[in-house]
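Take a look at these structures.
Next, two complexes with subunit A in common: one pairs it with subunit B, the other with subunit C.
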Partner chain A sequence: MLGELLNPYYLQVLCFILINIMLALSIYVPLSSGQLSLGSAGFMGIGAYTSALLTIHYELPLYVTILVGALLAGVIGIIVGIPSLRLTGVYLAIATLGFGEVIRVLFVNWESLTKGSVGLTGIPQLGRELLKFAKSIGIEPSALGLKNNQFVYLSLVIVLLIIVLFILWFVIRQQNSRIGRAYSSIQMDEKAAESMGINITYYKVLAFAQGAFIAGLAGALFAHTIGYISPSDFSYHRAVEILIFTVFGGSEVIIGSVFGATILTLLPEVLRFVSDYRYIFYGIMLVILMAVRPQGILDLYLFYRLKGKRIKRGTS
Partner chain B sequence: MLIEQLINGITLGSIYAIVALGFTLVFGVLGIINMAHGEIFMVGAFIGVLTTSVLGWPLWLAFLASIVVTSLLGYLLEIFSLRPLRGKKGVSHLAPLISTIGVSIFLENLSHHMFGAGNKPFRTAFAEIRFEIGSITIYLVQITIFVISVILMVGLSVWLSKTKAGKALRATAENLETASILGVDTKKIITLTVIIASGMGGIAGILVGMAFNSVSPQMGLSMGLKGLAIIILGGMGNVKGAMVGGLILGLSETLLVAYGDSGYRDAIAFIMIILILLIRPQGIFGSKTAEGR
Partner chain C sequence: MQKYQKLFLIILATFMLILLTACGSSSTSTNSGGQSETSIEDETSGEVIQAKIGVISYLSGAGAAYGEAITQGLKLAQKEINEKGEVNIELVIEDSAGEAEQAVNAGQKLMADDSILAIIGPTLSTEFFAVAPEADLNGITIMGTSTTADGIPEIGDYVFRNSIPEALAIPAAMEKAVKRTGAKKVAIIYGNDDAFTKAGFEVMKRTAEEMGLEITTIETYQKGQSDYKAQLTKIKNTNPDLVLASALYNEGAVIIDQARKMGITVPFVGGNGFNSPQVIEIAGDAANGLIVGTPYFGDSTDPKIVEFNKKYEEEYGKKPDQFAAQAYDALYIYADALKRAGTGEDRDAFRDALAETKDFEGILGLFSFNEVGDVVMDVTVVEIKDGKFVEFEE
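Now for the complex of A and B:
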C-alpha cells in the first residue's frame, strides 16, 4: 500500500518542488527589501559547483560541503551586494542577470576545474548517502516495507522538507523582527527609512546576501539530488524561471513564493499530455496572468478578505 | 589583419546597435524592458530564411516581409501584453517584465516548433562577392549591412528630431502626462513606438542572417541579453548611446575573439556593464537621473 503510493517519480517531482521553493525564497528575501535580484541562478551555480567539487575531489561529508557551498554563495553575495547598492529597479535586475551570465561563462571556460560545458558527473547523491547511513546504524529499508530506491527518495524528501520548513520559519520570524521591519520600510521608501535611522547599507546587503545564501544552498542540494550538473543548469532560463515562481505566486507575501514554485513545477508535468506545446501554453498563461492579476495569484488583500470573512462567520 | 577585424567588428556592432535601438525606444517611452524583443528579432530572421531560401524571393522583398511580420508582432505585443497592464493601480514594475517574458517564451517555442531546433542556413545571392583592396578582403554583405544600419540610424535620428511624430514620441518619453495634456495622442504614440522598435528588430534579424549565414530559435535570447547590456552601457532610453554602445560591444567582441580567448565572448558584454554600472551607473550618454525605474 505505502509502497505503491511512494512512486519514485512522484517523490522526485516533490524534491524539485522543495528545491524550487528555496529558489523562489532566494528572490523573495531581497525583493522584500526592494531589491530585484536576478542573480539567483548564478549563486545557485556557485553553491552547486562548490559542493560537487568538494565531494568529488576531497570526499568530504555532504553536510559539510553543502554548507560550504551555501556559505561561499553568501560571501560572494556580500561582495556583489555592496557595489550593487548603487543600482535600483531594472538596473539592478539587469546587472545581476549579467552576473549570473558571467558565472555561467566562467563555468563553461574553466575546463580544468569544471569540465566545461560537459558538466560534472558522478556527484554523490544525498539520498544514497542517507541510505548508506541508515544501513550503517542498522535500519533496513525492507524493515519499513520500502524498496531501496523508495527509501532513497523518501529520505531525500524528508531532509529537503525539513530544510525548507526551517528556511520558511526563519524568514517568517525575521519578517516580524527588527530586521524584517527594516526591510519593508526600505522597500516602501528608502529615504524615509534612512531618516528614521535605519542603516540602509547594512540591511540591503544583508537581504542580498541572505538571498544568495539560500540560492547557494538550493544549488548544492540540487547537485546532490540529481547527481549531474552542467553550466546550462544555471543559465538565463533558470534565472527567469525562478523570478516567475515568485511573481506568479505573488511577490508581496511569502506564501506566494511557496505557492508559485509548487504550481509551476507541477504544471509542466501535468501539461505532459500536450507535450510539445506545453511551453507555448506556459508563455500564454504568463501573459494572461499578468493582464488579470499583475500582483500575482496571492496578495495581502486576498488574505485580509479571507480573514475578514472568517471573523464575520465567527461572530454571527 | 587588424583592419579586417575592425571591419568585422563594425559590421557586428552596427547590427547590435539596431537591436539595442529597439530596446531603447521602448524603454524611453514606456519605461519598461521589452524582454520579447530578442525573440521578435529571431522571428524576423526566420522570415528572411523562409522568403529567400524557401520561396526564392529577392532580398528587398524579404526585408519588406520581415518588417511587416515583426511590426505586426509588435502591435500584438502592445495589445495583448503591454496595454492591459497600463494605467492599472498597484501594478509593480515586475508585471510588464514577466508579461513580455511570457511572450518571449511563447515565440521561442513556437518557432522551435515550426522551424525545428537546428540552425537554418541563410543564402543570399551575393554572399561570396568580395573586394580585395591590397591585402584586405571586404565582403559585399558587410558593406550592405553597414549601409543599411547607417541609413536606419540616420533615418531614425532625423525622424525623432525633425518630424512631428518624432517630436511627439520624444515628448511622450520625457513625460507621458504632460505630453498628453499638450495634445499628444500618447496611446497612438506608444503603439507606434512598439511597432517601430519591433520592425527594426526584424531588419536586424535579416542582417544577422546575412552576416552569419545561420538562424536558430535560440539566437533571440543571446541577442536580447546583449541588447540589454548595450542600452545599459549607452544609457537607458538614449538613442545615441545605443548606437555607440552597439559599436563598442561589436568591436570588443571581435577583437577578443581575434586576439584573446574566444570562450569569454559572451561574457564580455556583461563584464562591461558591471564595470560601467560601478563607474558611471547612468551609462556613457545617460542623464544624471538614472534612479527610480
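Now for the complex of A and C:
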C-alpha cells in the first residue's frame, strides 16, 4: 500500500498542486488589500529564470538561488507596485497583465542569457540534489525502505509541503495582525482607511510585493521541480489559470485559494480517462460553478454555517 | 483563532483524502489503443511478442491537430503490425495539452507503470525537453516523432527521435536552391518567439555562413502577426537573391503572399514547418517558388507513399500529413526493434535493439540512428510549381 502511494506520478502531481497553491496565494495576498494583480506569471518567471540561471552558471546551492529568485521577484514587485498604486480594479489587472507579457517577451528576446524561446535545459532538480545530500551524510534511501526514485519525489513533496504550510501560517497570522487589518480596511474603503491614519501607499506596496515574492518563490521551485523552463511556461495563459484557482476556490477566504488550486490541478489528471474531452468537462464545470456560486466554492458565509453560527447573509 | 486552525486542519485532511481516492480511481482506467488483441493471440499463441507502448500526445488545446495526426498515424501502424502477428503492440495514449507540466505528469504516469516498455512523444520540443531527462533517468526509451529542435537526442542514452531535425532539412534545401539559382546574397526572416522557428533560423544562419553567402538582413516577427510589410520592405531594399524564411506554414503563407504583392519575386527557402499543402491554399499563386526540405513528400509517386496515403484516407477520410507519416514510421521502427529484442518486457534490451536500427525501410526512406540516437536519412527537397508541390529538379 505504501509503495503504491509513493508512486512518482502521484508525487509529481502533488508537487504541482503545492506549487499551484503558492501561486494562488500570490494572487490572494494582493487581493486581500483590494488589488487585483495578474502579474503572478511574470513574477513566477523572474523567480524561475533567476534561480535556474544562477544554478546553471554559478553552481550555487539551491536554497540560496531559490531565495535570491524570490527576493528579486519581490524587489521588482516593489518597483512595479509603486507606479501602479494609482490604478485600481480592472486597470490594475490590465497593467499587471501587460507587465507579465513584458517579462515573457524579455525572456524570448534576451537570447544570450535565456536562450530565447528554446528555453533552459539541465536545471538541477531539487529532489535529486536532496538525494545527493542525503547520501553525502550517509543516509541511504534503501535503509528507509524506499527506492531512489521514490526518495527523490518524496523529499521534494515534503520540502514543498513545509514551504506551503509556512506561507499559509504566515498569511493567516498576518491577517489577524495590524497589517492584515490594514489590508482589509483598504479593501473595504480606501478613503475611509486613509482618514483613519493608515498609510495606504505603504500597505498596498507591501501586499503587492508579498504577492510577487510568493510568486517568485513558486516559480523558482517550479524550475527546480520540472528541470526545464521556457518562456511559454509563463505566458498570459498561466496568469489566467492562477486567477481561476483563486476565484474558483473562493477569493474571500484563504482556504479558497488552497482548495481551488488543489481541485483545478487535480481535475485534468483525474479526467484523463475521458482523454480528448477532458478540457470540455473542465470548462463546463467552471461555467456551472461561476453561474451558481460567483463568489467561489468557499466563502465566509459557509464558514460561519460550518461553525454553527447563524448570521444574516450579506453582513459578511 | 483556535477554531479557525482546527477547521483548517480538518479541511486539509479532507483534501488529502479526496486526493488519494482520486488517484486511486484514475490508475485503474488506462486508455487502450482501441485494438482487440485477443483474436490474434489465439492464432499464434506463444510466438507473439507482447508490448505496451506509452504515447504522450498533444490532443487538446490549440495545437491538437498535430497530436491527432500523430495518434492516427500510430493507430494505423498498430493495426497493421498487429495483423501481421509477429508482435502485438498495445498503445496507452495520454494527453499533454501542449504544456510541459501536463506532459511531465503524463510521462510520470506512464513510467510508473512497469508494464510500459517504451514511450513515443510528446509532440512539442518544449514538452520533450521536460519529459526526456526523466525518462532517461528511469531507464525507459523515449522517441520523439515531431521534435526537431537542436540537442534532443543528446539528452541521454535512452532518448531518440525519428523526425528530421531542421539541421538536416534546411541545409539540403539551401544547397539545392543556391546551386540552381547561383544566389550570393540572402535575406532571413523568422519568428523569434517560437522554439521551432528559432531553431530553424539558427541553422539557416550557420549554413549561410558556411556556404559563404552574404546575409543582407535578418528580420524577425512575432507569433500571430498578420502584417509583415515593414520587414518585407527592408528585405526588398537589400535586394537579395533568395529569401530564407523560418516560419510555420500559417504565418509563412501570409509572408510569401505579401512579399509577392510587394514585388519580391525571388525564391523562398523554408524549413520543415513551411511544408504544408495549406501554404498553397492560403497564398495561391504567390506560393510558387517556395523551396522546402522535408522528410515526407505526400504527392510522391513512390508506391509505398501512395499505398500509405490510400490506407490512411480509407481509415480517417483525409490525407495524411508529415506528422502522421513520421508517427507511422516510428511505430514500425519500434516493432522492428521489438522483434530483434525478442521480448516486450525488458526495457534495456529494447533500448539496445533500438539503438542498432540501421537502414530500416520505412515510408520516409532508409532510416538509421547515429551514435547519439539522432536521425540519419536522406532529405527530399520539394518546391511549389504551378500551385503544386513537386520534387525539386536542378
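Everything that follows uses one rule, which is that the second predicted complex is superposed on the first by the 307 of 316 C-alpha atoms of A that agree within 3 Å, B and C clash if a C-alpha of one lies under 4 Å from a C-alpha of the other, contacts with A are read in each partner's own complex, and residues count from 1 in each chain.
To be clear about the criterion, contacts are C-beta pairs under 8 Å (C-beta built on N, C-alpha and C of every residue); 3 or more make two chains touch, one makes a residue touch a chain.
Values in this document were obtained by computation on a predicted structure and should not be read as measured data.
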item	value
Which superposed partner A:Q295 touches (first subunit B, second subunit C, both, neither)	first
First (subunit B), second (subunit C), both or neither touched by A:F16	second
Touching partner for A:Y58 - first (subunit B), second (subunit C), both, neither	neither
Which of subunit B and subunit C A:V105 touches, first, second, both or neither	both
First, second, both or neither for A:Y279, with subunit B first and subunit C second	both
Contacts on subunit A seen with subunit B and repeated with subunit C across the two complexes	105, 108-109, 276, 279
Subunit A residues touching subunit B - in the complex, by the definition given at the top	36, 83, 86-91, 93-95, 97-99, 101-102, 105-106, 108-109, 236, 240, 243-244, 247-248, 251, 276-277, 279-280, 282-287, 289-291, 294-295
In the complex, subunit A residues that touch subunit C	5, 7-10, 12-14, 16-17, 105, 108-109, 116-119, 121-122, 149, 168, 172, 176, 226-233, 255, 258-259, 262, 266, 268-270, 272-273, 275-276, 278-279, 303, 306-307
Interface residues, subunit C side, partner subunit A - complex	1, 3-5, 7-8, 11-12, 15, 18-20, 22-23, 25-27, 29, 31, 59-61, 93-95, 97, 99-102, 104-106, 108-109, 111-112, 125-126, 129-130, 133-134, 137-138, 149-151, 155, 192-195, 198-199
Subunit A-facing residues of subunit B, complex	33, 80-81, 84-85, 88, 90-99, 101-110, 113, 221, 225, 228-229, 232, 236, 261, 263-264, 266-267, 269-271, 273-274, 277-278, 281, 290-293
